[in-house]
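Before anything else, here's the structure in question.
In this document, chain identifiers A, B and C correspond to the written order of the chains, with residue numbering beginning at 1 in each.
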Amino acid sequence: MSDYNFAYLDEQTKRMIRRAILKGLAVPGYQVPFASREMPMPYGWGTGGVQVSASVLTPEDTMKVIDQGADDTTNAVSIRKFFEKTAGVATSEETSKADVIQTRHRIPEEDLREDQILVYQVPIPEPLRFLEPRETETRKMHALEEYGLMHVKLYEDISKNGAISTSYAYPVKVEGRYVMDPSPIPKFDNPKLEMAAVQLFGAGREQRIYALPPYTKVVSLDFEDYPFEASKADHACDLCGSETSYLDEVIVDDAGGRMFVCSDTDFCRSRRAAGHVGAQGVPYEEDVA
Amino acid sequence: MIEISGVSKSFVLHNQGSAVIPVMQDAAMTVAPGECVALVGASGAGKSTLMRMIYGNYLANAGQIVVGDVDVAQAEPREILALRREVLGYVSQFLRVVPRVATIDVVAEPLLQVGVDGAAARARAEELLRRLNIPERLWSLSPTTFSGGEQQRVNIARGFAHSFPALLLDEPTASLDATNREVVLSLIEDAKARGAAIVGIFHDEAARERVCDREIDVTGFTPGMAA
Amino acid sequence: MTPLFQVKELTKFYGNRIGCKDVSFDLYPGEVMGIVGESGSGKSTLLNCMAGHLTPDAGEVLFDTRADGMRDTVSMSEPERRMLGRTDWAFVHQHARDGLRMGVSAGGNVGERLMAVGARHYGDIREQAIDWLGRVEINAERVDDRPSAFSGGMQQRLQIARNLVTGPRLVFMDEPTGGLDVSVQARLLDLLRGLVREMGLSAIIVTHDLAVVRLLADRLMVMKDGHVVETGLTDQVLDDPQHGYTQLLVSSVLQV
């Protein structure tokens, strides 16, 4: 622990990032540029989220890291270990016990509280990027609230697929002002963006931070005749039987066998611990998990 | 209807040693409603030049060219355009149209310009084309591919589509057969009868005799040629 | 009648070099003005200054706005000017790829301006897009194809549809028929003429093609070295040019 400053980053860097976070909270949905640092992991592995987490962590905090809802994938495990090593903070896989949750591509199923912070890893913060590659132009479009182009993308979806097929990174309008990319969370999670916890978004390679203060109004863009729908696979979890959680489809053998399981592993485990059993599930035992 | 006084014009050829070629000096004439006046004079005396100046196509260096209540020699482009749309028609010797536009639409266009509705404009165009013996199978084709005589008749139909109070006719009977020549002369007589003031250039003497009330010899306005 | 658009002593320098200098004119509703001159004569600079793509060094560009009457668009705020650019003004580029989104379907290209001014009903947007494709003679079946699958002439027509869908009052065109085959040009010219008359559009067309202005423009402005050397009725300027440069320009046209 003594080999590093607390949480890896030096204090000046953390102050710089905190200023960017505060500005982001003051102007919800606005992308604040910040001087992203080199981190001991490659871009695309959550360097933006890690810098934001490092800047908001205190030694008393408990941290949770998830990758697509799971606590046990490589990305989640490495980042959790990184903070255990450099900040010495407690870690947990239980959503309710965490003070800071860093996430890649999901929002936990369990409602978050006002005393929690959710940190997103963001690959591409600019929602207009795919239609307008010029950064000078997209900044101007945000400044002047020229968001017609965002609907062009949705129009293209419908004209090609008969429905809005954008299923993740679904664009939202924040407090009736800025259009924001909620990071590649499934659109199932979009309604949860209006929550009690503070939400911070960090894009390391792109050097942008943006934020949603608690209870910020977040509206998913849509057409009057093609309203937004938060969709999920039409199944129940095969392990815990939940019919409301977001599911992953898992191929289990070479004969086309498959099962649907909660993408939020902590949510699934706690339901099974409470006695819920899905179609292919077995009763919960402490050691198995 | 048309009053011209003190009109002069010279061409300055800037790229040929700034040669100044005077072509018209102190031209004056008047045409009353219902009157047809022929411009006569030797080739090169300036008949077409004078006609083009009345139409605003050539710029007068001095003088007045009043058509209706507009002095063409002084007017703004948009005033001349309004005059051409409403008051002053021109049948030139050459048909100049956008390629690909059907003959019937070419003829109806002047009527659409003054706000006649599409059906009425087409009906009038059909009537004129029929009268001028343009076969119906050609109406939907562009006149750019027509023979010289056919083009000339389309041009005449277009010029007579709207009942202009003033008309300029440059050789309207040239390259026409006897039947069609007769049709054109009767169109001119009809226009006179409804009170149009007409200025024409006719090499066809018999035609001139028949429709024109007066002749004006433009040689009198030609610098160096006036006796 | 009051002018729709007024340019007063518009001047643009590139360093010490003149882009265009002291250009003034009035454009009335429904008028089509052609600006001709050779490459480098300043006609494109002038067009871009008028359309707000370049900031002029001096002069005014006044437009009769719907809300507040005559306003100087040079000194108006950028959001206002850009709003004008997607509502009452339109700009047709020489190269369709500069004016289209090549990765977006034809329908999306036409619909963008509608969505930009707040249209949020997919069915209505699509219906209007298809209607406009028809008006520029593009088959409704092509509505979901990308412009990259279109011929040059079709791309240009699509660009025109995309620009006119919001019913602008003033259209700027930069060599709209440049780079197209002659037969395709004729079709486009015919289409433009029809649209200008039907919609009562005012237009400013920059071109070096005198045949194009003869067919489309009511009035002509001839530019040389950044200055306007002659103005007037189109056929008068072409048939009886007064300035030496215009005489040279007119006499240099190849006859067919």
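Definition applied: a contact is a pair of C-beta atoms (placed from the backbone, for glycine too) under 8 Å apart; a residue touches a chain by one contact, two chains touch by 3 or more.
The chain lineup, named per UniProt: A = Alpha-D-ribose 1-methylphosphonate 5-phosphate C-P lyase; B = Phosphonate C-P lyase system protein PhnL; C = Phosphonate C-P lyase system protein PhnK.
Predicted model, so just to flag it, every value in this text is computed and none were measured.
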| item | value |
| --- | --- |
| Maximum centroid distance from chain C, chain identifier (CA atoms) | A |
| Most centrally placed chain - per-chain CA mean versus overall CA mean | C |
| Centre distance in Å when chain B and chain C are each reduced to the mean of their C-alpha atoms | 32 |
| Separation of chain A from chain B, taking each centre as the mean of its C-alpha atoms, in whole Å | 77 |
| Between chain C and chain A, distance of the C-alpha-averaged centres to the nearest whole Å | 46 |
| Contact set on chain A toward chain C in their complex | 131, 140, 144, 146, 148-149, 151-152, 155-156, 158-160, 223-226 |
| In the complex, chain C residues that touch chain B | 28, 31, 186-187, 189-190, 193, 197, 214-215, 218-219, 232-236, 239-240, 242-245, 247-248, 251 |
| For the chain B and chain C complex, residues of the former touching the latter | 11-15, 18, 52, 56-59, 77-78, 80-81, 96, 98-101, 112-113 |
| Residue numbers on chain C that touch chain A, as the complex places them | 78-79, 82, 86, 101, 103-105, 107-108, 111-118, 120-123, 125-126, 143-144 |
